[in-house]
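What follows is a pair of complexes built around chain A, which joins chain B in one and chain C in the other.
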Partner chain A sequence: MKTYFQYPFLIGMIFLFAFLIYLYVRWYTKLSKYDKVRFRKFWGTKKVWKAIYDSINDGLLHASIFKKNPVLGYMHMSLAFGWFLLIVIGHLEVVVATGGLNFPFYYAIFFRYFEPVHATTIAKIFAAVMDFLLLFILVGVALAITKRFYKKIFGMKHTTKLKPLDKVALYSLWAIFPLRLFAESCSAAVYQNGSFLTNTTGAWLGNIANSPVIYQGSWWLYSFALCFFFIALPFSRYMHIPTEIYYIFLRNAGIKTKKTWESYAQIQLYSCSRCGVCLDACQLYDAGISDVQSVYFLQFIRNKEDAEKPLFGCLICGRCQVECPVHLNLNDLRTALRIKASKPLTFSYSYTQKPEQQSADTIYFAGCMTHLTPGTKKSMAKIFDYVGEKVWFMDEDKSICCGRPLMLAGQYDSAAQLIEKNTELIKESGAKNLILSCPYCYKVFKEDYILPDINIKFHANYIKELIDQKKLPDSKLNITAIYHDPCELGRGMNIYQEPRDVIEHYSHRIPLQKSKDKDQALCCGAGLGGINLTGDAKNAMTHNAMTYFDKFNPDVLVTACPLCKKTFVSDRRIEVLDIAELVVKAIEQPNELKALPHREKSYAIS
Partner chain B sequence: MKKIAVIGGGVAGLEVSKQLLEANIPVTLIEQSSKIGGNIKNYAYLFPDFYNAEELLNSYHYLITDPNLQLLLNTEVAKIDFSKKTYNILTKDGISVPADAIVIATGYNTFDARLKEEFGYGIYENVITSVQLEQMFKNKEIKTPSGKIPERIGFIHCVGSRDAKVGNTYCSRLCCVTAIKQAIETKKFLPSAEIFCFYIDLRMYGLLFEDLYLSAQRDYNIQFVRGRLSEASEMLDKRILIKVEDTLIGKPLQMSADMIVLMVGMEASDFSKQFKYHNGLEVNEHGFFNPINPHNLRNLTSKDGIFLAGTAIGPMSVGETLDHARGTALSVLSFINAN
Partner chain C sequence: MGDLDFIKVKHLHIDYDILDLDLLNKVLQEETSFQWCISCGCCTASCSAGNHTTFNVRRISLLLRRGEIESLEKELEKCMLCGKCTLVCPRDIQLRNVVMSIKKNILKYKMSSL
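Moving on, here comes the complex of A and B:
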C-alpha cells in the first residue's frame, strides 16, 4: 500500500539537512586561514576523541547542567540523549526485523505503522526498550512544560523569554512525543505490537483506534509535528543542538575567539541553548537589572535587535562564563562585539608624552588605576627597596595607559596606538622583567602585547617568589583577612593561589564559601567593562558584596586590584588593603596588632 | 520631674543644655570625649568674621558648675533602648541613663581623607586636611613636616563631598567658605606664599561669604582655578605634583605645590550612621538624622520625646547650629509642659 503521511517528515528533514550543510560549509569557509588549517589538521589528532567525549558529555548527556541542577539536567538529557537512543535503537530494531539495510531511512521513524505484526522474543524486547525510551523522553517533556509555568521547581530564579518561531519549535517539540505515543498506541490497539506503555494506552483507546481516520490521522499528526519542528529549528533556540556539536569540535581544534567578530563567534552565538544558567550567576539581577545578561545579549544579537544596552551594560565580570554549560567565551564575545559596534575614536594619541627612556633589568608599570591608589604604588616601592631590586618605574610621572580600558570600550585601534608606544619603551630598556600591580594591565600585557623576551609578572606572584626565595621576612600579623579575587585576575587570568599564599604568609586568611570564591567570586561592581551601568546599580553590587564579607567579621579585606580596592573602600564597613600594602604592613610593624583606619564603628542596637 | 538627657557636648548640645538650665530644668549631658565643645574646639577662628572659637566656647564654661547639670564626660552612647515609655540610654561602658526626653546632638565627623586615596593623604607627608591647618593656626605656625615654610599652597575643595565614588553626593556647604577663610588666614601668616584654590564651583551661600571671596581675590591675591583634582603624587623632593583639568580653559594642568590642603567635608556621625543598618531612628541616605520634615518640624523625630539639634541633621554653620538648638530647646520645653 502506498503511503503519503511520511512526506511532511521527509520535507522537514531534507530542509533541515540542506540548511545545516549550507551553514556548516559557510561557517567553515569564513574561518580565518589559520583556523581552517587548525581545523583540518585536528582530524588526525587525539583531540578528536576529546571532542567526541565532549559532544556526548555536553551535547547528549548534558553533564554540566546535570551537575548544577539535576532536574534541569534530566530534562535536557532525556530530550537529547533519549531521542538519540530512540533513533539509534529504532534503526537497530528495523535492521534486525528486516534482516538487512535495505529500507528507506524514514522507515524506522514510523516502524510500528509499516511493520505492524511481530511476535518474536527479540521484537518484544525491542518494543519494551523503545517504550521505555519513549517514557523516558515523555517525563522530560512533562518537566519542560512544567518548567515554563513553574520555574521555581527547578531552583531557577529566571527563565528566558520566547520569540514567535521559538514558540513554533517549542510547541511542536512538546507535541512530537505525545503524538508518537498516540500513534503507536493506536497501532498497539489494532495490532497488539507495542509493549508495557503503548499496549496499556492502546487498550484505553480501544475501538476508537480502529477508525481509519483516527489511525491514519494519528501518524499524519506525528509526521507534521516532526516537520514543523525541523523547519522551525534553524530559526529557533534549538539551532543550538546542531551548532553546539560543531562548536565543540572547533573548540577542541584549538580555535580561539578573536577581537573581531567572525565565524567562530557566530557559531558560539548559535550554540547558546538559552538554558538560563547565566541568569542566576549574574549579580546585576540583585541590583535590579534583568535585561543585559548573556542569554539576552546573545538573543538580541541573533535577532538583530538593538543590543546597545546588553552589550555595554554588563561588567564583563565573567561570572556567567564560568557557569555556562556550553562553555561559551562570553567575555570575549562581548568584547569583540563592542569593537564591532563602536565608532572608532577619531582623535590621535600623538599628544601622549613619552617618559624618558631608561634602561633597566626590571620595570614596574603601575598603570593609571594604581596611580589612583598611591598606597599600592608606595608599597611596591618599599618592597623593591627592601629586596634591593633596581627598578625603572616606567610611568612614574608621565604615563601612557596600557590600552585595556579603550579595548573594553571597543576602541581597538586607539588601544593599538598606546600598545605600540609602550612596547617600544619596554623593548628599548632591555628589561627582562615587567611587574604590574593592576590586573587589567596584566591581562593586556600578557595577551595583546608582543614582548617575547620579557617575563611579565603580576605583583602578587612576584611577592610570592620573593617569599619563596626568603628575600622577604616571615612576620605574621595577628589579623584576620578575607581575600577578594579580582575578576580580571581570577576568572580573567586564572591566578588564584599565589595571592592566597602571600596573604596566609602574613595574616590569618578566612576562607569564603565555595559558591563565592575563586572562579565564582563576587564582582565588586566597578569592572571597567560596565560602561553603561548606572552608579546605583554598581553601588548595589558593591553593597551586596560587602554585606557578604562583613558576615565573616574580618579585620581587613585584601584585594589585588586598584579598582576593587577603590570600590570597596567607599563602603566603609571593612578596611581594605591591596596585597602589597598588607606585605609592607607586616614588614614594617610586625608587632602592631590591629590598625583599622577606615572601619566604621558598629553599634549593636536593640 | 521629667528626666532630660542631651547626647553630644558640641555647640548644639551645649546650647540646648544652656536654654533648659536657664528654665530651671535639670539636664544630663553626655559627651564621648574628655572635653566639651565638639568639633569647633579644633578650630582657631570662625568665618565669616574670624571670631575666636575658643572665646565662643568659653561662654559655655560656666554651665559646668551649674548644680542642675549632670555632665558625663568620656561617656560614649552605644544605643538607646526605646522599648519602655521611659527610654534608656546605654553607654559603651555599660552605664544606663533613663530619660523621658532625649536630645540627640551628636554632630558630624569630618571625612576621612584616606578614603580618597588618589589625593595621597596619609601617604604623602605634605598632604594635610583643613582640620590640621586649623591646628597650625592655633599653634601659630605653618610648616611642612620637614620644617619648611611652604611657598606654594593648594586648597582642594570638595574632598569627600559631591563625590559619588566615596558615597557622598551632597555638598557640605561650609567648606568653600572655610577654604577662603583659611586661604586668607594663610596669606596673613605667609604674605609671600602663592595660594591657589581648586574648586568645582563656589558655594557662597551666606550673606557675607561673597564679600570674603571678593576680598580674597582683591586684597590677598588668592588665585582660583576651576577644576577638580584628579590625582596627586609625590615628587622626589616631597613636593606634591597635582593634576587638574582646568575646566574654564579646557586644558589639563599640572602644578607642583609645597603643601596641599584637603577641604574635608562633613559626614554623619558614627552614632547616626548605624541606623542605616539597624532600626530605631530614621536617617536619610547620607546617614544624617531625618527630622519629621525640614520646615516646621526640623527638631522632631517620629518618636515622641526624641529631639534633634545641630549638625546631626546635616551640615550647618555655628550660627545656624545655635539657632536650631534654641528651637530644639523650645520643643523640649513644650514637651515637658504637655506631659
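Moving on, here comes the complex of A and C:
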C-alpha cells in the first residue's frame, strides 16, 4: 500500500539538512585564511579523536551538565543520546529485518507501521530495546516539561525566556515522543508488534486503534511533529545541537576567539544551548539584574536586539564561562562586541610625562589600583628592603595605566598607546624583572605587552619564591585567614596555588567550599568590566560575598588584588589584607599570638 | 548696569537662552548618579591623568553643565578609564561610566547635527 504520511517528515528533514549545509559552508568560508588552514590540517591529526570524544561526551552524553546537575544532565542526555540511539538502533533493526540496505530512508523512523509482525526472536529483542529507549526518552521529556513549571526540582533558580519559534520547536519536541508512543501503540494494538511498553499501552487503547482514522492519524501526527521540529530547529535554541558539534571540531582544531566578531564567534553564538547553567553562576542576580547573564545576552545578539546596556553591564568576571557546559569563550565574545561598540570613541595620551628613570634589575609597577591601597605598596617596599632587592618603583609618580581597564571597555587601540609608553620605559631601564601587585596589570603585561627579555612576576609568586629560597623568615601568625581568589588572577591567569602557599606559610588558612573557591570564586562586585553598573548593584554583590566569607568567621580576609581589597574593605565586617600586607605583618610581629584584634561582630551590617 | 559691563567677560558668559542642555540631560539619564556630585574633588585628586596634566574630573562636570561640548570632548580624550575616581568617590558616582556616556553622547550629538 502506498503511504503518504512520511512526507511531512521528509520535507522537514530535507529542509533542515539543506539549511545546515548552507550555514556550515557559509561559516567555513567566512573563517580567516589561517583558521581555514588550521581546520584543514586538523583532519590529519590525533586531535580529531579528541574532538570525537568531546562530541560524544558533551554533544550526546552531556557529561558536563551531568556533573553539575544530574537531573538536568539526565534530561539533556536522554533527549540527545536517547534519540541518537533510537535512530542508530532503529536503522540496525531495519537492516536486520529486511536483510539488506535496500530500504527507503524514512523506513526506520516509521518501522512499526511498515513491519506489522515480528517473525523472529531477534526482532523481539530489537522491539524491546526500542521500547526501552523510547521510555528512556519519555522520562527525559517528562522532566523537561516539569522543569518548565517547577524549576526548583532541578536546583536551578532561573530558566530562560522563550520566543515564538522556540516555542514551536519546544512544543513539537515535547510532542514527538509521546506521539511516537501513541502511533506505535496503535500499531501494537492492531498487530501486537510492540514490546513491553507499546504492547501494554496498545492494550489500553484496545479497539480505538482499529479505527483507520485514529490509526493512520497517529502516524500522520507523529510525522508532523517531526516536520515542525525540523523546520523550527534552525531558528530556535535547538540550533545548538548541530552547531555545537561543529564548534567542538573547530575548537579542537585550535581556533581562537578573535577580537573582532567573526564566523567563529557566530558559531559560538549558535552553540549556546540555553541550558541556563550560566544563570546560577552570575552574581548580578544579587543586585536584581536579570538581562545581562550570558544566556540572555547571547539571545539578544541572536535576535539582533539592542544589547548595548547588557553588553557593558557585565563584570567580565568569568564565573559563567567556567560553568558553561558548552565551553563557550563568553568573556572573549563580550570583549569582541565591546570593541565593536566602542570603536568610534577615541582617547589620546600624548600628554603623559616621563617619570624619572632609574636603573635597576627589578622594576615594581604598582598600577593605578594599588595606588589606592597604599598598604600594599608600602608592604612591597618593606619586602624588597628585607630581602635587599634593588627596585625601581616605576609608577611611583606620573603613573601610566597598564591599559587593561581600557581593554575591558573595548578600547584596545587606546590601550595600545599606553602599552607603548610603558614598554618604552621598561625597555629603556634595562631591567630584567618586573613585579606587579595587581592582577589586571599582570594579565595585560603577560598577554599583551611584548617584553621578551623581562621576567614578569605577580607579587604573590615573587613572595612564594622568596619563601622557597629562605629569604623570608618563617614566622607564622596565629590567625585564621580566608583567601579570596581575584577573578583576573584565578580565572584570568590561572594562578591559584602560590597565594595559598604564602598564606598557609604565614597564617592558618580556612578553605572555602568548592563551589565558591578557585575557578568558582566569587567576584567582589567591582570588576572593571562592569562599566554601567550602579554603585548599589556593586555594593549588593560585595555585601553578599562578604556575608558568605563571614560565615567562616575568619580573622582576616586575604586577597591579592588591590581592587578586591578596596572593595571589600568598604564592607567593614572582616579585616581585609593584601597578601603582601599579611607577609609584612608576619615578619614584623613574629611573637605576637593574636596579631590582629579579634573583630567585633556588633558592627556587622545586616 | 552699563558701568559694570566689563565684568561680563565674553568667554565666561553663558547665554541660558541658547544653552543646549540635551547632552547634560542624556548623560544624567544614563548615569543618574552623576547628579549627586558634591564637588568634593576626591576624583580629581586621585586621577591618573590628572597626575600628568591639568585634566580635572570636576571641570568635566562644569563643562558639561555649561554645554561646552568642544572643550569637553578634548578634555575627555585624556582619561585612561583606570577607575580610580570611581573607587574613591564618596557619593558612589560611577565616573567611568560618566566618561563613557559623555563620549558616546557627544558622538551621537555630532552625528545628528551633521
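Some points to look at:
One rule holds in what follows: the second predicted complex is superposed on the first by the 584 of 606 C-alpha atoms of A that agree within 3 Å, B and C clash if a C-alpha of one lies under 4 Å from a C-alpha of the other, contacts with A are read in each partner's own complex, and residues count from 1 in each chain.
Here is the rule we use: a residue touches a chain if its C-beta (ideal position, glycine included) is under 8 Å from a C-beta of that chain, and two chains touch if they have at least 3 such contacts.
No experiment lies behind these values; they were computed from the predicted model shown.
In the superposed pair of complexes, A:G535 makes contact with chain B and with chain C alike. Touch criterion not met for A:Y548: it reaches neither chain B nor chain C.
Judged by the touch definition given at the top, the superposed model places A:K378 against chain B, while chain C stays out of reach. After overlaying the two complexes on the shared chain, residue contacts for A:Q411 are found with chain C alone; chain B is out of touch. When the two complexes are overlaid on their common chain A, residue A:V569 makes contact with chain B while staying clear of chain C. Once the two complexes are overlaid on the shared chain, A:D397 sits against chain B and chain C alike.
Which of chain B and chain C touches more residues of chain A: that partner is C. Note: residues 371-372, 397, 535, 539, 566 of chain A belong to the chain B contact set and to the chain C contact set alike, using the contact criterion stated above. Looking at the complex, you find that chain C touches chain A at residues 30-31, 33, 46, 48-49, 51-53, 55, 77-84, 87-88, 92-94, 96-97, 100-101, 103-104, 107. Interface residues of chain B facing chain A in the complex, by the touch rule stated above, are 78-79, 81, 83, 112, 114-115, 117-118, 120, 122-124, 164-167, 231-235, 241, 270-271, 273-275, 277-280. Only residues 371-375, 378, 396-397, 535, 539, 565-566, 569-572, 597-598, 600-606 of chain A touch chain B when the two sit together in their complex. Contact residues on chain A toward chain C in their complex (touch as defined above): 312, 342, 344-349, 351-353, 368-369, 371-372, 397-401, 405-406, 409, 411, 418, 526, 528, 531-536, 539, 563, 566-567.
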